[in-house]
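Every chain is named by a letter (A, B and C) in the order it is written, and numbering of its residues begins at 1.
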Amino acid sequence: MKSDEANFALPAFARYTQNVLLEEIWQRPQLLPRDRSIVTVAALTARHQPAEMARQFNLALDNGVTPTELAEVITHLAFYSGWGNATLAASIAKEVFETRGIAPTALADVKGNLLPVDEAFEEVRVAAVEQMIGPAFDALAGYTTSVLFHDLWLRPALTPRDRSLVTVAALVAVGQAAQIPFHVNKAMDNGLTQIQAAEIITHLAFYAGWPSAMSAADIAKGIFEKRSE
Amino acid sequence: MKSDEANFALPAFARYTQNVLLEEIWQRPQLLPRDRSIVTVAALTARHQPAEMARQFNLALDNGVTPTELAEVITHLAFYSGWGNATLAASIAKEVFETRGIAPTALADVKGNLLPVDEAFEEVRVAAVEQMIGPAFDALAGYTTSVLFHDLWLRPALTPRDRSLVTVAALVAVGQAAQIPFHVNKAMDNGLTQIQAAEIITHLAFYAGWPSAMSAADIAKGIFEKRSE
Amino acid sequence: MKSDEANFALPAFARYTQNVLLEEIWQRPQLLPRDRSIVTVAALTARHQPAEMARQFNLALDNGVTPTELAEVITHLAFYSGWGNATLAASIAKEVFETRGIAPTALADVKGNLLPVDEAFEEVRVAAVEQMIGPAFDALAGYTTSVLFHDLWLRPALTPRDRSLVTVAALVAVGQAAQIPFHVNKAMDNGLTQIQAAEIITHLAFYAGWPSAMSAADIAKGIFEKRSE
């Protein structure tokens, strides 16, 4: 992988990009390039950074993310980082698909055959939402159940583990600390190892900045300790 | 209302946009379309999302927000979400006004006749600022009184209730939890009902993402309970 | 300094820009125009606001920030606010440099002669990182030491005090409260006075919005009190 930034007027920045980010971080074996791509795409979308999107969307497709999966990552982020972010990412994804000659039929909406609901998880989740936002927010609680957890999360176009990658990356990337514990736990229930979770946060130090990563690591450390008790 | 996104290469996203966002959320009677437009414009401006602004500015004008009110929403947000956000929104608003043939004279700066100061509220507010940031920040405290609360909030170009809609939406949209209690209380003092406050946060789940909305709902629930004691 | 915004279709916004921001805040003697420029550039970059960057980059150069320093500010922000933000700022800086006829050779990467490590500070910092994120994040802790504090912060292209201005401004501008105490303390160790620290936050009320500034002032007040004990 080569850095386009090398021709920028900032030689130190170009050097860090090449030596630290591209030749070192992206090559670390703790996380596959495909996973790094999903995390990076989620961070860019959640932070509304169009300039890097086409490059990273192409890299994601090169790294084994299918076009349908990329479309689903963006759809998932509509709910987890807002419609405006997903709309922007969707317009750039469309251009990338067209440039690569990916036909719209290859992206047909996946219908039916939702994954089965995990009733035990749902019971805990519904109780937690009820306890948190109570009867004053019955519409929000209702959409959380029906649209988010009984539809979006169960769509087979993306594995639950990959949805967790997307969600955790989006939360860390914009510093939404309050929602990190729930989703790091869910990610690990969905198969993410502790080493991978730590590596996602380390990767995001570069794409969301050190302060976001340090704050997230502080929270994740507490979760790791609780789960190993 | 129809979704331009329908022609995007992401059929699931287009379907959610059409079925859930446009045909359901925007039609819920708990909040008027005019109020939803003010909240959406504030969220887009506070989150610096130009791609959707022209569409939503036009929709706001269609929904009964006057050109002067839209200009004042953006001016208000200069203070509550930063000059760069307002500058971007202003440049797009200018294009929208020109396209619709709205003459600059229709937007003449409203001068004089500021609304009366609420002395009881001011006494509590000044004491809270003094207690929070103390003598080390006398310039910031001074501007908060003179420019924000004795000028901006009293400009008659927007009702205090609508300024509250704008302010609360901006705070929720970027996750500024610390300032939410003060402004949700002020919004309700300015006439916003509990049902409307809850609906604003539910609406923002879609425009700022679920995590922002859930965190805000958690805070708002506590305010609702305190006010009903 | 004159406001281009004056010709926007928002006369009240144009008036606040001219009378309050340009003719008052930027002229306050508590902070030099050069320092205000560094803080403003950092805030715009950390908040990913390209529309104002060219204007503010030019103003920074007019106010005495050298081209090499501006390049280094952006490089520093790659680590403190994410690669995507720095990449965008770098592309705009490149255009500004070209327009002003600044030759690439004037921006040659500063090599060798790193500033000496402050061993006493490093001992405290390493212990704090270790205690905060522990052994689960040894890679992140390692990069924090080797790349951030034993390389980036010691590069002579920017004084430690100016790096602190950049870092504090970036943290305040995006509301990363958890990291503010460490960096406000470091900034004051690096020579920033309490009056200057307060003025940075007051300046940022305009460029990052009142809520960010009020939350940061609340935190900084506590730091000021602790340091004067």
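The rule is simple: contacts are C-beta pairs under 8 Å (C-beta built on N, C-alpha and C of every residue); 3 or more make two chains touch, one makes a residue touch a chain.
These numbers come from a predicted model, not from an experiment.
Matching the C-alpha atoms of chain A with those of chain B calls for a turn of 120 degrees, to the nearest 5.
Looking at which positions face the partner, chain A and chain C present mostly different ones, since fewer than half of the interface numbers are shared.
One finds 28 Å separating the Cα centroids of chain A and chain C.
Shown for chain A are the residues in touch with two or more other chains, namely 48, 175. Looking at the complex, you find that chain B touches chain A at residues 5, 8-13, 15-17, 20-21, 28, 30, 43-44, 47-49, 51-52, 173, 175, 177, 194, 198-199, 201-202, 205-215, 217-218, 220-221, 224. Of all the residues in chain B, the ones that touch chain C in their complex are 46, 48, 71-72, 74-75, 77-88, 90-91, 93-94, 97-98, 102, 104, 107-110, 129, 132-134, 136-137, 139-140, 143-144, 147-148, 155, 157, 170-171, 174-176, 178-179.
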